[in-house]
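Next up: the structures, one after another.
One chain, subunit A, appears in both complexes that follow, with subunit B as partner in the first and subunit C in the second.
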Partner chain A sequence: MPPFFKYKKQKVHTDQSKDTQDSANHHVPEPIESSLSANLDSIKQKTGHSSDIIVRTIITGNTSLHKASVVYVAGLVDTQAINEFLIEPLQTNHDLLEKLYQQDGLDKVTKEFITLGSVHPVTNWDELFLSLMSGDTIILIDGSNKAWSASSKGGERRSIQEPSTQVSVRGSKESFTESIGTNIAMVRRIINNPDLWIETMKIGKVTRTDVSIMYINGIAKTEVVDEVRKRLKRINIDSILESGYIEQLIEDQTITPFPTIFTTERPDITAGNLLEGRVAIFVNGSPDALLAPALFIGFFQAVEDYYSRYDIATATRFIRVLAFFISLIGPAAYIAITTFHQEMIPTQLLIIVAAQRDSVPFPAFVEAIIMEIAFEILREAGIRMPKVIGSTISIVGALVIGQGAIQAGIVSPATVIVVAITAIANFATPSYTVAISARLIRFLFMIIAAVFGFYGIILGFIMLLVHLVSLRSFGVPYMTPLAPFIPKNLGDTIIRTPLWAEKIRPRLISSTDNPVRAGEDQKPAPPQKRGMKKKNTR
Partner chain B sequence: MEKAKISAYQLFVLIVLFELGSALLIPIALEAKQDAWLAILLGMAGSFFLFLVYYRLFHYYPDILPTEYMQKIVGKSFGKFLAFLYILYFMYLAARVLRDFGEMLITFAYPRTPLFIVNALFLLVIIYSTRKGIEVVARTGELIFVLIFFLGISGNILIFISGIIDFKNLLPVLEEGIMPVLKTTFTQTLYIPFGEAIVFAMILPYLNQSKKAKFAGLFALGLSGLILAFIMVINISVLGVNLTSRSQFPLLSTIQTIQIDGFLERLDAYFMITLIFGGFFKISLYFYGAVTGIANLFNFKAPSRLVYPIGIVILLLSITIASNYAEHISEGTKFIQLPIQLPFQVIIPVLLLIIAFFKHRKKRGK
Partner chain C sequence: MKRKWFFLFLILTSTSLISGCWNARELPDLAIVSALGIDKNEDGKYVGTFQIINPSYVTGGLQGGGGGQGPPVTVYSSTGDNIYELTRRLSTKSSRTLYYAHTNLLVISEDLAKKDGITNILDAFERDYEFRTTAMIVIAHRSKAEDIIKTLTPLDKVSAVKVIKTLKNAESLLGEEPTVTLQEVIRYLVSPGKEPLISGITLIGKKKNANKVANTQESSTPQARLESDGIAVFKDGKLVDWLHGKTARGTAWVLNRIKSTIVNISWEREKPAIEYTVMRQKTKVSAHTKKGQPQISIHIHAEGDIGEVSVPVNLNDPHVLRKIEIEVAKTIKKDVNDAIHRAQENKTDILGFGEAFHRSDPKEWNKLKTNWNDVTFPKLEVNVTVEAFVRRSGLRNKSYLSELKNKR
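Now for the complex of A and B:
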């Protein structure tokens, strides 16, 4: 809202862009020399004589001997390919090589002899090291101030496995790996279309991590793609170790418990979101793709909703939203009712609850807080514990908390039930990131419920809504299509309409030029039999 | 003026929530006895006329706030004085409504909590959301509108199936002729809640489709009038005229009589949620009117920073406005209607419109 803040933001932004421009202008990359030995020396010197930098010098030619060197990093490259397609041709084809030298056709050496996939010339040290360190092989030839970099990326990597956090009963069982190339290929295998565009850049001054943005040209909004690109280019940090780094550096608002960028480990979710007009960001070394712009309701959409029929999908989605509410205000409502509004529960139930709480020494709030914190500790321990001892400790924890605390009279059974339901409800949210923010906000609700009862809860709820509504993800209001209300896009929110009824893409996310996703008359119509069905007049 | 845009639908939602805000909860129009619903409907009809006046003024000056066009219509210094009076009026009403809701909460749920604390907490939430701008308030409105809609429908279903409605309570219609109804209309329902829509004159310039403003506004007033009249019919037919007019919160009493199968009873939460949601929008909109008015009148570049001082003023005003609830309520329903509400809601806008009309005709003549 305030022009004041906008002004400030812009100012900061222009300063930074000026800085980066300046530094870019000052830095002039050093060119490669023509002496092979000098080049090899400076490679060794710059890499600190690291033992995994392999230099293989080959002497070629019959009459006049020419030296050529092959440089690569052990482990990052496909050694077999280098041996077969690089070193061997260089060693064996003496005659031809010599001819080519004489004709001064250095370019042809690479063009005709190196049988590896892509080869391109490199003229300065910056480029050389960039490709060397990302797994390419460098070929240096004595007397030439050009080097060639041949792509030979390979080495050991984790294979494609089943998704571990976004599990589904139906649908593909693939999940992303740590290799950006594999991840991009997995999405390409789903969307066989030249309009699937990919841009790659290196981010991180020290790590120089590959970061790719992927979108479908014509479906994604150009403004959003530009914005993503702009925000990625702005990043000036030494390292990008995981997609979480990128997420934190490009999100719209930092002071919020809610994620404004969606993360997924499944190629099919990525493809589905790309088809809605979103932009995917892949980071090398991270098995999670980022998807932007993200909507709040998107965190409740499990991938199976789209694979199963709409009535079932709607019912399960409704359960999920309900579970989210319970996980948010479950304990808070319990505290408010037992502390302030006893009259709101039916008398029979009230008597039971009151009888249980009679022997408990703490107020409901303290009781609930103790149980919640104990549960959070258990959960946190469960995640980080070595798998071997994990199950034993969680059983012990559950027994101590469940049985022990009640029998010792420290907490009432009702509290344990409420905390347990809340915990289970929290796991019903398909997205871990939103579930974790609900965990956080739950404590605030509990505190305000202990102080003000339902009044506090409702005010807290209003504040939560105002906060959610004020969020934006890459310019798109977070609560779309509920607020701003877009009736045409309501088909994929708390309810899910049948696939044949969803004819257009989300309005604020995808490009407005190309909104139609399905043709007319997609409703399956079985052949008419025995006149039971009315004839289709069209 | 902040650079925000709201849609016609958002305006519609805001007006409905605003009108239902307090009128749904407090006893209105009960001087007309069992014909209260009729007085509400007549008030609604009158409000159409008032809204058209506000709309017409907006139509003459579509891009600027009332605080600015007043200066253009009646001259710089007098216009500024008038605009300042309006700002005070909005602040006063914000404080009044805040006091209303604080007192209601204390009476029915938190008898031992100090009024100041209840009001301060409420105002904190309002400050937080107003600071984020009209767009955010409007979008929150869209979400809460749906919520209240579901609450209202389910509440009505519960009332109907619990079998407590007796339509005979509404008879006889027009027992003492039309005069008491008309009197109630012109002394009460026209101003509370319908004339209070004057605050939307401050919001109309934010519309992105100004042509739809008239339709959205009239439709919203119509819908809220119908809902209010319907709820009053339900209240009277459940409780009877006597009980309704003696009850502090007729809707609460109606809800409390719901009893289904010995299990669904005391659904006070329904009332409480509606109460707080409605109050939130009513106060937020008055508050917003005051904040943008001051920012506009005194050329503040950052209206968002004004919310804190004005918030504190409104909070203190809401405490000192009356010494007790009885005084507060009788001031609100009897004393402020004619001396304050009538000129601000009816007389000044109509006079402004007349002057603006002649000014524009002169211009066109030239």
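Now for the complex of A and C:
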């Protein structure tokens, strides 16, 4: 690299890191004052008199009147709970505030009167705003330099709905929502075990988004958990709007079309992966949980594989892997055959293809590229289009591109068939993320096939394979258990062995101390002795 | 890092250099040759006839493919001193590059095979990287190769396909004409203990109409049609004799090339009375030397069903079945013996007895091989044993004919 750029890049880099370090080191949180009015003033001032910050001041007491304020953000809180369990007891119990002034008064009050879930003291402004903005209610008392934060998260949220991208015929119909609490609870409902550990942190300088990592203590590898924690702590960015932000900031390899972190919107997939020793990362506001470390073969494992019997599951998984290959090299193989290897197909088929291609003005490659790009445009438009006019897409797509192009003699029917099969095969991949990467690589394969034929396709495959085995996901080789070859873990790859035969967890992913997942002799069998048979007593 | 990129670059560039001999060719630039005929004209030059598939007319009413009515094949011909010249000379006539990878039929005219032999012309086909050595080779019997190539046929629109299918069909159902590929012919030509056989094809009917589209458009038998016709026997690369019918089948028996065939036997002086269908067979040819004289013994084991009876016969009776089996064995033995005599008369070892000797006694073979075809083979003593077995008798044991007999 020329020294000019090197210098420039380094400079920018150091400046940035210096800035952030400075701000992180020199920030000392301001303590809360004891005057209520002063406190309220500074809240108003710091929030810019935002109208959704609700301040409710209560004056109560038997002997002397005391002032207390309840501060919360409208919409983020469960208003009914605040009214019933916080404001009402404060107003009706006249000796409450008096007790507040006693030694450990607040402790007593919270224990005796405030019936809301969790209450904890806050002493500085940073903590105060953090809990206020995440939906807690702050209780400020005149004359006290401690505030109390009562958990009152609530407000309108999307309810739990059916999964939209990872659909299954059999199995739970729940999918994650935007609320991190709900999401974590959904997983907890599946894994009722105290070993399911959760660590929460705030990431994003401005958004201060809740990010939780979840793992099963004893099953997850500590090295992986530490690595995930380390990478999350490293993040220094102003906003985390979706789990995709986290994914892009913590992945091992950035120059690859393949995802090295698995995303899911299903609690059962998350639970299953946690039980294999993976770490789940939840981000508030995102209905997609991240699972790491991800393996390449994991993107072909649909959740239904585990719910249906192993023979069916193996067959469908084989179809899926096949579909992935078709979606990779479908058009490329067509181009290679029609421009290089005409001898490879039966004479009759060649005649049919030749008859179609006779009137087409473009070479096979151009033709295939035209159709592929047309299809990609169609697909992209279909996603972004308002739902109301969605049906227009299918009409335009089917009539203009399908019928019209063939009748006009611009493309041959064989090309349309190949492109259509490829497109359908692409949708057979259960993971959308890896399906997109296949889309991308397909174009490379088409180009290499147009230049070198099948020879090029094989070269491309070799390069792809080299790239795949070079990938790591949180230190775990991407192609595990195929490369490195782990025979004991092959049961859940291209084939799926019966559940009773899968006795150990994935070796490189889960903790090595606790590899056994099923006991001996799990294979079900008919009873040894039937009621009808005489017992052999001798 | 620099090293890594350098190696990547090296690999990428070197791969584009080691890719061998190929080129990108679009389908509309190719003329798919389905069959190739070789004749020799009066000037002693080779005449090549190339049957080129016309894809749009083969597939018929295809959307966007043109469709319409026209001949499914186009025929070009050219002359030259050797085979390779023929294909290059044709470029003056054809707008598309000739493509031989789908050429499955090579027709050689009888005249050429008789006078000059086939030895000189096969090298070009074997050498060419496009031409398949698995292509079937046939001799145009009583006609020119050109006529065979030019003929238009119904059903299978490309006549090359029709010829190949007909020959294969005849081979598997009747067993009279073993088909051979180019590579087999070349192998037999060079093998000292075996001479090649090539099946024949002939054009019958009004030859003038053979290349008209109208020829394919009649529901009755086409005015000119292609039929399989015997097997050509070669000696030293030259055609010496034609085998037909039972002699041809006897040859196929010895060559272990019978897949299925029919054997007609007589029963109580009526002929033909019972029709025996061979379903499986196994022929073993073994060579040995007895008192210094080379000998061949052939053992044929045939297994089959009763296909038809035209005399009242009780197939429930094991004795009857045994008798049928003996009759069948006799008939087969006769065919085989006839075929062997014919081959010995022709002084050409098409039956591969020499190979059998070579395998069983290479030392002895070294002494025999020099005069094999002309001296030893014609005088060779051959013992044929045939064992036939009736496996099934179809859906009926007793023919209704026996009931008819009782009624009278």
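Convention: the second predicted complex is superposed on the first by the 494 of 538 C-alpha atoms of A that agree within 3 Å, B and C clash if a C-alpha of one lies under 4 Å from a C-alpha of the other, contacts with A are read in each partner's own complex, and residues count from 1 in each chain.
Going forward, a contact is a pair of C-beta atoms (placed from the backbone, for glycine too) under 8 Å apart; a residue touches a chain by one contact, two chains touch by 3 or more.
Computed from a predicted model, the values in this text were never measured in an experiment.
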| item | value |
| --- | --- |
| Combined model on subunit A where subunit B meets subunit C, clash or fit | clash |
| Touched partner set for A:Pro481, first subunit B, second subunit C, both or neither | neither |
| Partner chain(s) touched by A:Phe452 [first = subunit B, second = subunit C, both, neither] | both |
| Subunit B versus subunit C as contact partner of A:Gly330, first or second or both or neither | neither |
| Partner chain in contact with A:Gly171 - subunit B first, subunit C second, else both or neither | neither |
| Which of subunit B and subunit C A:Ile351 touches, first, second, both or neither | second |
| Which superposed partner A:Glu343 touches (first subunit B, second subunit C, both, neither) | both |
| Touching partner for A:Gly277 - first (subunit B), second (subunit C), both, neither | neither |
| Clashing subunit B stretch [against subunit C; choices 40-48, 112-120 or 220-228] | 112-120 |
| Intersection of the subunit A residues that touch subunit B with those that touch subunit C | 340, 343, 452-453, 455, 459 |
| Residues of subunit B defined as touching subunit A within the complex | 2-4, 7, 9-10, 105, 109-110, 113, 118, 121-122, 125, 128-129, 131-137, 139-144, 146, 262-263, 265-269, 272-273, 276-277, 280, 301-305 |
| Touch list for subunit C against partner subunit A, complex | 15-16, 19-20, 22-28, 30, 32, 34, 53, 55-56, 58-59, 62-66, 99, 101-102, 104, 130, 132, 158, 161 |
| Complex contact set, residues of subunit A against subunit B | 1-5, 340-341, 343-344, 346, 452-456, 458-459, 462-463, 465-466, 469-470, 477, 479, 482-485 |
| Touching residues (chain side subunit A, partner subunit C) in the complex | 338-340, 342-343, 347, 350-360, 363-364, 406-407, 409, 412-413, 450-453, 455, 459 |
